[in-house]
Amino acid sequence: MRRAVSNLTRFCGGSGFITPGRAPRTATVVMSVSRLSSTSSGRLDVSGIYPPIATPFNMDESIAFDKLTENMQKWNKIPFGGYVVQGSNGEYVYQTAEERIKVVEHVVKAAAPGKVILAGSGCESTRDTIEMTNRMADVGADGALVVTPSYYKGGMHNRALISHFTKVADDSKIPILLYSVPGNTGIDLDPEVIIVLSCHPNIIGLKDSGGDIAKLAHLVISTQSNDFQIMAGSAGFLLPAYLIGCVGGVCGAANMLGQELCDLEQLYKQGKLKEATNLQQRIVAPNACVTKRFGVPGLKVAMEWFGYYGGPVRSPLQPITSEQEEIMRTVFKLSGFIH
Amino acid sequence: MRRAVSNLTRFCGGSGFITPGRAPRTATVVMSVSRLSSTSSGRLDVSGIYPPIATPFNMDESIAFDKLTENMQKWNKIPFGGYVVQGSNGEYVYQTAEERIKVVEHVVKAAAPGKVILAGSGCESTRDTIEMTNRMADVGADGALVVTPSYYKGGMHNRALISHFTKVADDSKIPILLYSVPGNTGIDLDPEVIIVLSCHPNIIGLKDSGGDIAKLAHLVISTQSNDFQIMAGSAGFLLPAYLIGCVGGVCGAANMLGQELCDLEQLYKQGKLKEATNLQQRIVAPNACVTKRFGVPGLKVAMEWFGYYGGPVRSPLQPITSEQEEIMRTVFKLSGFIH
Amino acid sequence: MRRAVSNLTRFCGGSGFITPGRAPRTATVVMSVSRLSSTSSGRLDVSGIYPPIATPFNMDESIAFDKLTENMQKWNKIPFGGYVVQGSNGEYVYQTAEERIKVVEHVVKAAAPGKVILAGSGCESTRDTIEMTNRMADVGADGALVVTPSYYKGGMHNRALISHFTKVADDSKIPILLYSVPGNTGIDLDPEVIIVLSCHPNIIGLKDSGGDIAKLAHLVISTQSNDFQIMAGSAGFLLPAYLIGCVGGVCGAANMLGQELCDLEQLYKQGKLKEATNLQQRIVAPNACVTKRFGVPGLKVAMEWFGYYGGPVRSPLQPITSEQEEIMRTVFKLSGFIH
Amino acid sequence: MRRAVSNLTRFCGGSGFITPGRAPRTATVVMSVSRLSSTSSGRLDVSGIYPPIATPFNMDESIAFDKLTENMQKWNKIPFGGYVVQGSNGEYVYQTAEERIKVVEHVVKAAAPGKVILAGSGCESTRDTIEMTNRMADVGADGALVVTPSYYKGGMHNRALISHFTKVADDSKIPILLYSVPGNTGIDLDPEVIIVLSCHPNIIGLKDSGGDIAKLAHLVISTQSNDFQIMAGSAGFLLPAYLIGCVGGVCGAANMLGQELCDLEQLYKQGKLKEATNLQQRIVAPNACVTKRFGVPGLKVAMEWFGYYGGPVRSPLQPITSEQEEIMRTVFKLSGFIH
């Protein structure tokens, strides 16, 4: 098996981060594709804004690959760092294993050169997650976003989660980002677990959707010696996240406000804090609509307003009501994003 | 498509329980297999004690079908109403779609004549659930236990859940039981949803693992005109559940204390309340060990004590520690089930 | 200070249940008032049905002592074991320390001979709880119901709770019952804590409103050698609670359905299980209305229907809406308690 | 009754924010004490850093007023905006009504000129809260911090909370700040409620301890036309909070790291974002120790390290263990605040 990891001893004193019984890792780091940039320690660079792509469906709930292509042609013109495919906004839990792979493959092909493709490969079991991750790697994913397993809540203690992510990272052909989304899973990845796992040579970062900015700041500090990249999981706190040291954001709202979020990133980097703050403030309420308040059904409706294909959600998700759409429209108008 | 349902108008005044655009149901009820008993209104009778079978794995985590056969040969001698296969205790979330089907098929073949086979067919999406249910029906399942979808917690409101279960029941070849297990899913099926769904001709019952006996009593009363069968989801409140009108129990502890739970049922039915109470009281603490306290990893260890094959759990579940095993052993000793 | 406790060494091997630095307890048990019955080990007998009295207010929110007297005259004709005063249904958190004492004093005087008066004396701090308990004892309370402190949730770990209840019990002139009501406090008293505290000579019982019947059964077994009396905290599971060994119930619904609940108790004791079950089933839905669904505002409205004074709640509690009242009326009608 | 509010019609179109049956408010705004600064619309200016004072106790748990004086003499040398007294860090729930007043009175007298005194006056009932607020005003508090009532969780819906805060604000002699601390109360004040209440002329701000920075940003935008002042409830996200428009912070850590937090504020205001960020990052972990991780018991231990009197907590809070103290000491050392 190809190994995308190396230099174990550099991290955390080589603290035994190999599952017992495995051969020691001695392979040299080889960035999978030279077109992508890497961090100072040679890791895949995942900085920047990433839309977690909404999977487009036809009215019969089959995947609308043509619409996906059209959406990507528009997104490709925006200076995104890359794409997250098969994340929570992609309704990954409603797709079969085959569908998940196919959508990743499609996005890899449709993405503009230089875009990093992060694929959501998490399954409940460790073995399924490893297989899914490597199949997604085989069709071209650059990294994998691995959500916490969550069904047996009582059994998902820190020991189990550390074991799970370590095994997945050990056996994955591509680097791994941890993915904590307690609003969906009911599991909030503990800082201690994240810090331990940040020492693994093949675990390069974290997407945290919990929104606790103090937790993120704590993690930035505690993992900085490991070249660990932390990404905001929502546009609602993107600027504060940059401020405390996050490297980017995976933001549902980037499905339709991608240019604006990239602008926010640039304003921050240019030190134009006042303009950045103004933009951040305008984004908060619309972002809440397409995340916490109305979820993927809201997101898909808003995408239509901005010229993207939204289309239906898969059941059991339900379309938003016309009353909810009216609220959402008002919020977007008041924020000046639609007229 | 074969329809196992009928007589819609008898229930809830024929209150529109057909998904729009579908043909009205006029087919006659045909019990799928004559060997099984039916209720007064002609529904599949699911009364009695059901072990939710723990899926045996080999040390490499592959399914140990030979061990499953051995376990079933022992269980077949116990007067169970039938078996639940691919429930939470079966680690169904850790199995591929193909594995789930194969295990059901194996249990169908290994079950003694007259045992009702209830298969856990729930998936996150409605379409996957329907397909899984019918594939399980095709390999011989008599009924399906359909867990609440749970990933998008904000989207799983009553409207979405009613829609989901209605669609599944509409298209399922076999009768459906609702399955609410908030400890795992974070979704506690609302009484109003259950009462509405109890009117569907192809939804014949409920397994509730929440343990709120007042909720169960309320549901028994509120659904009694619909011939709706409610099953306790744990041995911890089996006798109280019988008392308030439940028809049986799906009890993890039946994997190793099956005869004792069938005894408890008989004592209750014979009006020997004092003996039944004594037995119920002895069962509470051991039952807690193999459910809330130590989960499936605890259950599998305890099974070994009683001559069944337990074996390993699939990762990310972790084996219990030796200290936890010691606690569990003490509890079973104090209750007089082991020496 | 008078000590109502004794015989420490009889319990739990005299396991150090005296706060360090205190004098050993050698006083003899003296039942505070001979009119009350005691258990086999000489403890205050709290078996039976207890209404947790709703505190009546005038329209200006002052306490309507005259209405309290009138209500008690009616309740005194019902074979209650006694009264709980200043419990959650008594809106105790909305009353000043002085008011809490006065209401207890009033109820003591208005109660028929032989009724046990249990006073809710819990405060957030240990010192306030001790003072309140003893002041309530001074005005005639026979026992105290002490709710879990709950403000600093992170700090209310088992060690803190054991320390709190031990200190209160050490210094209380009257016996103590633990009171766990997680729906209000967010703190669910752990079985381990309860079992440890059941060894204290001045802690004689528990009121548990959580509704987890398996937990109650576990506690009944685990504390039976300590003559520990467990009371159901709701009419919704009163019969199952009796069945698994509880000695009575503190039931909000007893404010208006007191005779019916005493009937249920009698039917159970006479072995008329079928009739008891029927009555239990009728009570579930109305009980839910005056507890979980509509709370004290619902309770006070329902009391009016049965000839008791309900009156307003104290702000910030709000009266139920007319729509909610209509729902409640329908539920009570369907259950046959009103016409 | 003196009214500290005015100009109702300026806010929210005079949208009926007077409790029915009350006289219209026409009094002119008079800042209670001229020594304090006011905002552009004439409201009490609460910007800046505020330590929520830990109440010092003697070993017998009585209040150590002399130690309070000593602590304040040190705090008075730090450029705080003022003091919060009787907040969650002040263990207000463990003090009698009389004690709460006395501590406020003591702080008013011991505070350096120009410091704003915000007193925590929240009680469970509306009437008690009004009385407490006005008694605290009478002894010199400039504003009141009113925590959400929380006991009857089911009853504390938006309608109830709006009614409660409106009545308190209507009848309070001093301006009110809303106080949301879901970690303690289990009640997270809804943005909609806050926005409605921000229109009340006597409700001038909010302290939010929830830590959801996107929520705070949303509130800043939504209430800006009402001259509503939002304060971060923790030092863990102070800089991000300033960034998105908060006016200050009520930070437990200011009890011992007051100068550092004031430095952070200055660095932010001077546009020295890099230095501010560095300082913020150093503060996160120590702050977590004295808040979420070890609470008030941890806070009081850490105060001792910095020359303040910490002393014991009141029971049922327990002192931290020596192991926890060691962890805390390590965290403070690693952050460079102690050696």
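First chain written, first letter: the chains are A, B, C and D, and each begins at residue 1.
As a convention for this text, a residue touches a chain if its C-beta (ideal position, glycine included) is under 8 Å from a C-beta of that chain, and two chains touch if they have at least 3 such contacts.
Owing to the predicted nature of the structure, the values given are computational and were not obtained by experimental measurement.
The set of chains in contact with chain A as well as chain D is empty.
Of the chain pairs listed in A-B, B-C or C-D, the one whose interface repeats that of A-D (more than half of its contact pairs identical by residue number) is B-C. A straight line joining the Cα centres of chain B and chain C is 36 Å long.
Centre-to-centre spacing of chain A and chain C amounts to 51 Å, using the average Cα coordinate of each chain. Of all residues in chain A, none touches two or more other chains. Taken pair by pair, the chains that touch are A-B, A-D, B-C, C-D.
Put simply, chain D touches chain A in their complex at residues 211-214, 217-218, 220-222, 234, 236-237, 239-240, 243-245, 271, 273, 277, 280-282, 284-285, 287-288.
Put simply, chain B touches chain A in their complex at residues 61, 88, 93-97, 124-128, 149, 151-157, 159-161, 163-164, 167, 183-186, 292, 295-297, 314-318.
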